[in-house]
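Naming follows writing order (A, B, C and D), and every chain is counted from residue 1.
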Amino acid sequence: MEKVGFIGLGRMGRPMAANLCRKGFGVTGYDVTPEAVAAFEALQGRGASSVAEAVAGAGIVVTMLPNSAIVREVVAGPGGVFAHAARGALVMDMSTVDPTTTDELAAAAAARGLSFVDAPVGRLASHADAGQSLFMVGAADADFARVKPLLEAMGSTIHHCGPPGAGMRTKLVNNFLAVASCQMNAEALALAARLGLDLQTTLSVLYGTTAKNGQLEINWPSKSLAGDVSPGFTIDLAHKDLSLIVEAANAARLPMPIAAAAREAFSSARARGFGGQDFSAMLDAHCALVGLTPPRLPR
Amino acid sequence: MEKVGFIGLGRMGRPMAANLCRKGFGVTGYDVTPEAVAAFEALQGRGASSVAEAVAGAGIVVTMLPNSAIVREVVAGPGGVFAHAARGALVMDMSTVDPTTTDELAAAAAARGLSFVDAPVGRLASHADAGQSLFMVGAADADFARVKPLLEAMGSTIHHCGPPGAGMRTKLVNNFLAVASCQMNAEALALAARLGLDLQTTLSVLYGTTAKNGQLEINWPSKSLAGDVSPGFTIDLAHKDLSLIVEAANAARLPMPIAAAAREAFSSARARGFGGQDFSAMLDAHCALVGLTPPRLPR
Amino acid sequence: MEKVGFIGLGRMGRPMAANLCRKGFGVTGYDVTPEAVAAFEALQGRGASSVAEAVAGAGIVVTMLPNSAIVREVVAGPGGVFAHAARGALVMDMSTVDPTTTDELAAAAAARGLSFVDAPVGRLASHADAGQSLFMVGAADADFARVKPLLEAMGSTIHHCGPPGAGMRTKLVNNFLAVASCQMNAEALALAARLGLDLQTTLSVLYGTTAKNGQLEINWPSKSLAGDVSPGFTIDLAHKDLSLIVEAANAARLPMPIAAAAREAFSSARARGFGGQDFSAMLDAHCALVGLTPPRLPR
Amino acid sequence: MEKVGFIGLGRMGRPMAANLCRKGFGVTGYDVTPEAVAAFEALQGRGASSVAEAVAGAGIVVTMLPNSAIVREVVAGPGGVFAHAARGALVMDMSTVDPTTTDELAAAAAARGLSFVDAPVGRLASHADAGQSLFMVGAADADFARVKPLLEAMGSTIHHCGPPGAGMRTKLVNNFLAVASCQMNAEALALAARLGLDLQTTLSVLYGTTAKNGQLEINWPSKSLAGDVSPGFTIDLAHKDLSLIVEAANAARLPMPIAAAAREAFSSARARGFGGQDFSAMLDAHCALVGLTPPRLPR
């Protein structure tokens, strides 16, 4: 088993690294916050006090960080992962960043004789806890084989989407559909309420036709439709993803009018104080816009 | 069994009326086109040469007509259904019209001592052929009981959505989601293609998350994704439904930015010659906009 | 001078009819509201108690009514203007309606040997008071010559836009730009406020570049920017015009994404209680959406 | 007169630097392209072979560069302007960048005891040639006084918009209105054409009401409406500005649905090959979308 360095031990990174330990990998973890390192040590991990220390001697280095700028600095910056990685090491970034950043990192890795894999994570933090994450992987075939045991230790569904960069691009497409569906559903159910329709009857119709979608069937019934707007995935994060998507589409000269309209709707929700709620609460945000009580399922 | 008058024997009305005959109802059918009446007679129906003749003596009159203006004229106009219907008769409109028209008809029926039910049809013409239609019914409870045997003869899924008008309103909500999903999917898969992703791999990811939707899973794989753009349901009809939806929402003072953006995308597709194709061909229309070959599944 | 029948003596029709009297035309006016007829009589007009009476013996009949349905009924319905107009009479509709209605009326007039002119009104009610209205006229050349003296008595700017129907179509294009500019300006000035810019300095820059527009330069400084949101032209009426525009464009298979987005913004403003305010108050509506104090010019 | 260093001698920078020379300023210019430096020398400037050489001994350093990333590197990067500027020097960035970059540069300058001014340029390259540019200036009062003589040498209209950063923010607001107007006008005139209206008659109506705007009155008649789509300001650059605007608004939690829709329309135009044309050619791009011949003024 390869020795693993793990950078970023937050709400997602920590349970993922802990699952690696549990399955027998030797993992040295680092986080900019000492408390996060201590928490990882409490879960049987070996803590490091610097990126250099976490990377030293690791065959595979995993990064799980909040945004593009931080990933770029921690992975490719001076004193970062690339600077300390042993020749032949593989760096796997599991953060959600813009695809341009991923491409730059892949190129920089290649220039130093390092392997690079992008493997952003689908599903929620609770899935990461349970080792039930979904991964969208961009990797050369040999590199995919190399990281597969780690991914199997951290998640239950693994998609090899193509060469480096393909994982991140697949995640953008996936999250566009999941996130835009929330605004589409919000408009549909607000319309139903405005037209005086009963929620449960309406849903039973929708679930039997091609009008249905994953958010409406799987996420919403236990979240906003049940009155629970505590976040699995926040409106703020959904807005961040929509921003990455719209920017990527504009860079690729592809108009996406639905994506652009959805992004403005999420921006409006954030401006009105809904940013920290679950993204199914776009229903509440849309209803609030026009003074409508959001429809709820009976208990 | 009640005697049935059936007005409108086109691509949807004819098989529905024929299914009533097959299940033992006595049906007198009329259509403005003599050939449609003759075709109905060939299916064991009794043809009529006027609305008056079809309505005479019928306990239940069914109408299945192309648009709001025609429904209003045929049902409530001089020499129309209401004018000839026997006291106590029930009129069931199964056309797709705007809810204001439905409300006006319901009120006019009540003023004449007639019962009124709206029961627009979900699913496609091929389902009507097979007696597998889905109906969204707006009716008083007693009236619903009265039409239920007919609906069971013509379809397999029957939803009692509420009082008169609720059927049509539910259909608008349902079709908004189904139709807007097509443009959303078109943007998503065009983005995937633009980003160089493999279609089949991408779909296998999407189908395993809340990014999925009924169009992408059920309709598209055998239609546009298989290169078959022959219509089940045309882009022209989908645009007509989006227009009804946007108008209804504006009348109800509910902004629906996704619906409005989707409608303009369908308008663009129609202007570029895609109006007669299946609504899953929004993928082709969106790709054509930017000179992209629409992605297809391997055979 | 031709004898004039004038139907519709509301906030716009009454001063227009009164200006005709003042310039020496013999005008018989009718309105469905007796008070409006009485008010017209107080301004030297001759009141009528029915459409028939107003039309009897008139060479030119002017209609100024609230919407398409009413125009259709009053002009072409049973007992309406066409039914009572003398052979050779000219009917001039000055209402704002959808162009399809205008075309239907023009065709119906021609079928009865009557002349038809559409001449919707630009500018505000205060301009009508002062005889300073702008007219967009659709008329055959001979008919334009015939109505020109009346138009000169009621307004100061007269555009012969083309054959019947061209006046209404020009008004739609004109109002699209005026109305959509209001939402565009609202977004611009809300952004300026959000970015901490001073309103007056910003305006002085905008007025010196091609960023300027008629609303921002002419209407806004004395209305919303001065804190006066009392209506010249209400958000409700602007929304009605946007609806006519979007419907006309969709019927003509022309996508208009800006128009569609603007319409939803006006719909949102109406839903939040701004419908009765001046359309420059879209600034206030947009700022309210995000909890921003609308910027005002210093007194 | 202060000694001036000028970095960036492209299509805008060169005539601006040359105008400084012409008015008697001692200017040392540098550009990454040696040909640009040579061309500047031909216009009486003193050429430099490095940023360091251009900055050495200058009291004021002007930068005029293509985008945020390059500005950040050239101004604040290792070996950049800040690194070589003399204590007390003033750096004036005249590029168009995102306001975050401007704020970062202003803060970095302050930390080094340098003054910072942002002064992006309005109007076109031809205005820069003639010394007729418009400048939107963000500066402390004392710094504004210091740069004013330079600005007066390069342009004819100078707005002091507020503290550092206010110039760039004002430019975003200004360009949003100018650029979005182009798509709005394109929709309006395409609708007019679709409805069969005469262009010249329609414009004469619009120019007399609040429907008018600076683009339609000033830029379009000599550009796309005259059949000249050669760029003053390209669709590509307008799209870049819209992107900065939409990003700034999303960062500021301000929804701007018109801006978002306009951006997608520009993206569509670029995807269809119009990126290099003048931004008034959005008319041609919109007409091409639906197979309409773009309307032109008669010669």
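Everything below uses one rule, namely that contacts are C-beta pairs under 8 Å (C-beta built on N, C-alpha and C of every residue); 3 or more make two chains touch, one makes a residue touch a chain.
What you see is a predicted model, and the numbers here were worked out from it, not measured in a lab.
Novice: Between subunit A and subunit D, which partner chains are common?
Specialist: B, C
Novice: Quick one: compare the interface residues of subunit C with those of subunit D and tell me same or different, with half as the dividing line.
Specialist: Homomeric contact, same residues on both sides for the most part.
Novice: Select the chain at the greatest separation from subunit D, using centres from the mean of Cα atoms.
Specialist: So the farthest one, by centre of C-alpha atoms, is B.
Novice: In terms of C-beta pairs in contact, which of A-B and B-C ranks higher?
Specialist: A-B
Novice: Distance between subunit A and subunit C based on Cα centroids, please, to the nearest Å.
Specialist: From the centre of subunit A to the centre of subunit C is 52 Å.
Novice: List the centre-to-centre spacing of subunit A and subunit B in whole Å, with centres computed as mean CA coordinates.
Specialist: Taking the average C-alpha coordinate of subunit A and of subunit B, the gap between them is 39 Å.
Novice: Using mean CA coordinates as chain centres, what's the gap between subunit B and subunit C in Å?
Specialist: 37
Novice: Note the residues in subunit B that touch 2 or more other chains, in rising order.
Specialist: Expected reply: 249, 253-257, 260-261, 264-265, 268, 271, 289-290.
Novice: Inside the complex, what are the residues of subunit A that reach subunit C?
Specialist: Against subunit C, the touching part of subunit A is residues 257, 261, 268, 271-272, 289-291.
Novice: Quick one: in the complex, what on subunit A touches subunit D?
Specialist: Result: residues 239, 243, 246-247, 249-250, 253-257, 260-261, 263-265, 267-268, 270-271 of subunit A touch subunit D.
Novice: So in the complex, which bits of subunit B are touching subunit A?
Specialist: 99, 122-123, 134, 136, 157, 159-162, 166, 169-170, 172-178, 180-181, 183-185, 187-192, 194-198, 201-202, 204-206, 208-216, 218-219, 245, 248-249, 252-262, 264-265, 289-290, 292
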